[in-house]
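Two complexes are shown next, each including chain A; its partner changes from chain B in the first to chain C in the second.
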Partner chain A sequence: MARRYLRLLGAQLRIAGLVSLQYRADFFTDGLLSLFWLGVNVAPLAVVYGRRETLAGWSFPEALIVIGWFTWLKGILDGAVNPCLTAIVEHIRKGTLDFVLLKPADAQFLVSTAKFAPWRGVDSVGGLLLLAFAFVRLQRWPTPGAVLAALLLLCTAVALLYSLWLIAISVAFWVVRLDNLAFLFGSVFDAARWPVSVFRGAWRFLFTFVIPLAILTTYPSLALLGRLDARTGLFAVLGTLAFFVLARQIWRRAILHYSSASS
Partner chain B sequence: MRGAGVARALRAFPSLLRVGVAEAVAYRAEFVVWLLTTTMPLIMLALWGEVAREGGPLGGFSGADFTAYFLAAFVVRQLTGVWVAWDMNREIREGLISMRLLRPIHPLVAYAAENLAVLPMRLLLSLPVALAALFIAGRDHVTHDPALLGLFCLSTAGAWLLGFGLMATIGALAFFIESSLAVADLWFGLFFVCSGYFVPLSLFPAWLRPTLDLLPFRAMLGLPVELLIGRLGRAEALHGLAIELFWILACWALALFVFGAGARRYSAYGA
Partner chain C sequence: MPAAFSAASIEVRELRKHYQVHRRSAGLWAALRSVARRPRETVRAVDGISFSIAPGERVGFLGPNGAGKTTTLKLLAGLLYPSSGRLRVAGFEPFRREAEFLRKITLVMGQKQQLLWDLPPLETFELNRALYEIPRRQYDETLGELTELLDLGRIARSPTRQLSLGERMKCELCAALLHRPEVLFLDEPTIGLDVSMQLSLRRFVRAYNERFGATVLLTSHYMDDVLALCPRVVVIDRGTIRYDGDLGSLVRTLRPEKLVSVRFSAPVPPAEFGRFGKLQNAEGDRAVFLFPQDALQAGVARILAELPLADLSIEDPPLEEVMRELFAASARDEGPAPGGAP
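The block that comes next holds the complex of A and B.
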């Protein structure tokens, strides 16, 4: 069973790789755009720290680490999540989702691996560079344990991103004309470029519990700096697991709701 | 010939607007999603408000000033957002633009009507925010000068015209290049930083200001916002409006040129 799905994943990835090789020029445009957005993301930060030493307890290099994680996740979002999202919304609108549902494999798996844009991986390189730069400015390096914890939290963040995405897709079954879902997704995600402790009151609550942006970028950054306490980390992992299960349930409900475009 | 075309466009415009409004009402859910995608000013409001609270006023902006600024930015953005580049890009790629080219009205006019028609719905949604802004930030944070309020309306209308001209140019690039949406992406990045969307422009280093004032970005957001919250005198406002007018004319000329040149070399699939 598991081997079959691994082979399926391999096939889908191979197809994505072959497709992207046809658009080699994208490597350069995506790469340049990614560098450009790195600058755009750092600009407001530079303005703040041009006038202040710290912001809500975060120094400039520390805040850069958050942007580094943000850029990395953005690469994953644009490279693996958003292409599938637009593809499935298109399927629902045109009624061609039938062909996916008819295939002898789990529909969620099929739509989640339908499309990749590997060139977007350039973003991850940019994110790594930013992380390296931040630690050079801090004049110390993270301990191996901190790196391990940060990587675990990166997996958590990706799982969370995926669950949010799955819920968004499920909504598309009810409200068909949602070709702008990807934009909504991106704009909510945009707030994750700031450490969550910058926000107060209702915003803090919203970004920690309702749209858990804290788990996406702030916690991995704290872990990398060695400032995340174990209980918060554990809480984040367990919360994400619960969220993942919930998303799967919503997806199954939604798929039952699907009635093809022509029927 | 030209005059007849303009007269026809003017006659058709109200009907086009009515169709657009009906469409906006029909796709309410999509509409709310779009509204939610422009929450960035509110997030920036929270952020800069916190900065001001932590260490006192910043570059002449207190916490309440930031609130007024970003709420005004939210409203202006609601009123001046256009998405014509995406529509045009899709229709050119899928060959749907042939339909528009056949109609006896210039496609740019039809696009403009579609993009304008959502304004009633957007007003409905952003007016409560505007009123709340007035209530929270207090009357001191909105200009009292009726002339400046008039200029605010002018510059907001101008911001829409400028945005539409630019987006139409970028959309029409799809006639020539495959990745015209990458150009839109690039444009938005510059816009976010240089228009006052992330940071009020007066917080930028002084040596950057003259350049930023001359670029088209400020006219699309920063200028109307600063006018509304009473940060500009009449002379400064008129100076900004003159720059805005220049960019509007330049962008519309460019849009018409690029679209015309593109339509001439365009051949739809199956045609």
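The block that comes next holds the complex of A and C.
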């Protein structure tokens, strides 16, 4: 079973690669845009830290780590998640989701791996450079254990991002006109560029428990800095697992709704 | 599997699909009111239909727009969940969408495409090979056969966006049949195609059906498709079956007359026509007479003997006319059409 789906993933990635080769100009525009956005992302930090040494306990280079992580994840969001999101909404609108549902493979897997924009991977490289720069400014490097914990949390962050995305597209089955969905999703995700401790009161609760953006960038950054306690790490992994199960359930309900309502 | 289902490829009993839809009248006030309260209405897209199709049969599924044809096809393909009733396709309950079931069927929709727009159709074929887990040897063999039957040649290697509508439809059929399905649901497969392309697709569907013994259920607005492919038709209107049986007897029941078309070799005064039978129309050196079946032989004999003829042909009335009459009768609520209704 796992081998079959790995083979299918290979086939889907191959197609995505071939399609993106048709649009080679995107590589250059995406690359340039990515550099531009890297600058835009760092600018507010520079402004804030121009007047103070720390913000909610985070120094400038430490906050840069959060931004670096955010940029890396944004590369994944734009490269692998958003293209599928746009494609599924298009499928529902045009009625071609029928073809996906008629294939003898899990429909969730098929729609989740249908489209990639590999050129957007440039963002991820930018994110890594930013992380390296931040550690140079900190004048120390993370321990191997910290890197390992951060990589585990990267997987958690991607799984969480994916679950949030799956919940969002499931909504598309009820409300077909979702042109702004990707935009809304991007805007919420944008808040993850700040360490979650920057937010106070209701916002902090919202971004930790309801839309757990803390898991996306703050916790992996803390792990890299060696400041994340094991209990919080475990909470992140279990929380993500719960989100994943919830997302799968909502998706299944959505497919059932599609099957019983459309013609 | 119940014994009753064992012999049939498709078995449908009292199948229903009802939808709840919101209804509101036109105008701003109605729009505002509908925000607070949305009256619902039940649409009976499919309302208690029953039929069964044997393996290898080719059946035409006919009806006016909104009759319930596509809904029924989607129910049979497992894309929709039935409101009530029983159905089996190739031994499976479609709505469970088991992988084994999906490997046995295919759905081709003339108005929707599965081909990847930016890549040559060959890439879609390759993706379907992975999805259906078709062994390489069988894939090469089937692709070879389909390429020959559909005359695909170089078009499978050109980007889909550069192909004509007809070429794309050929490739759609190829993509849909690579896994050698036992049951083909074809929803308006020839829509928008020119006459020669329609002809070649019909020839292909018939060849596939004969070579692989596949069951074919076809919907089409082109009566020529139905005439060429389907010995049996199921006519559906407003969610219920109006006729199920042999195409020839449907035509004979609804329009018992035969059309006798003649071309004269010398001018004939129009006043003469009345002597031979009911005249449908006359123009220049041509005339068309209508004869009831039992008077046909005598009528034709008289025309041959008494009129100066260059040519004579005997035909059934065009299927389009027959269908128009059937649907008009159904709209007037005159009860089910005569014939072999289930």
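Here is the rule we use: the second predicted complex is superposed on the first by the 259 of 263 C-alpha atoms of A that agree within 3 Å, B and C clash if a C-alpha of one lies under 4 Å from a C-alpha of the other, contacts with A are read in each partner's own complex, and residues count from 1 in each chain.
The criterion applied here is as follows: a residue touches a chain if its C-beta (ideal position, glycine included) is under 8 Å from a C-beta of that chain, and two chains touch if they have at least 3 such contacts.
Computed from a prediction, not measured in an experiment: that's the story for all the values here.
Engineer: Chain B versus chain C on the shared chain A, clash or fit?
Structural biologist: fit
Engineer: If we overlay the two complexes on their shared chain A, which of chain B and chain C does A:8 touch? Say first, second, both or neither.
Structural biologist: A:8 contacts chain C only, not chain B.
Engineer: Now for A:203: first (chain B), second (chain C), both, or neither, which partner does it touch?
Structural biologist: first
Engineer: Identify the partner contact of A:105: answer first if only chain B is touched, second if only chain C is, both if each is, neither if none is.
Structural biologist: Only chain C is touched by A:105; chain B is not.
Engineer: Looking at A:147, would you say it contacts chain B, chain C, both, or neither? Reply first, second, both or neither.
Structural biologist: In the superposition, A:147 touches no partner, neither chain B nor chain C.
Engineer: Which holds for A:241: it touches chain B only (first), chain C only (second), both, or neither?
Structural biologist: So A:241 meets neither chain B nor chain C here.
Engineer: To make sure I follow: the centres are taken over C-alpha atoms, the vertex is chain A, the ends are chain B and chain C. What is that angle to the nearest 10 degrees?
Structural biologist: 90
Engineer: On the superposed three-chain arrangement, identify whether chain B or chain C touches more chain A residues.
Structural biologist: Touching more residues of chain A than the other partner does is B.
Engineer: Touching A:250 in the superposition: chain B (first), chain C (second), both, neither?
Structural biologist: The answer is neither, since A:250 touches no partner chain.
Engineer: In the superposition described above, what is the shortest C-alpha distance between chain B and chain C in Å? Please give a whole number.
Structural biologist: Minimum C-alpha separation, chain B to chain C, in the superposed model is 8 Å.
Engineer: Following superposition on chain A, which residues of chain A contact chain B and also contact chain C?
Structural biologist: none
Engineer: Enumerate the contact residues on chain A facing chain B in the complex.
Structural biologist: Interface residues on the chain A side: 26, 29, 33, 36-37, 39-40, 43-44, 47-48, 50-52, 55-56, 175, 177-178, 180-181, 183-184, 186-188, 190-191, 194, 198-200, 203.
Engineer: For chain B, which residues are in contact with chain A within the complex?
Structural biologist: Per the stated touch rule, the residues are 27, 29-30, 33-34, 36-40, 43-44, 46-47, 50-51, 54-55, 58-59, 179, 182, 185-186, 189-190, 192-193, 198-199, 203-205.
Engineer: Which residues, counting only chain A, touch chain C once they are in their complex?
Structural biologist: Residues of chain A touching chain C: 4, 7-8, 10-12, 15, 18-19, 22, 94-96, 98-99, 101-105, 256, 259-263.
Engineer: Across the complex, what residues on chain C touch chain A?
Structural biologist: Touch residues, chain C against chain A: 19, 45, 70-71, 74, 77-81, 95, 97, 99-100, 102-103, 105-107, 109, 112-114, 116, 118-119, 123, 126-127, 130-133.
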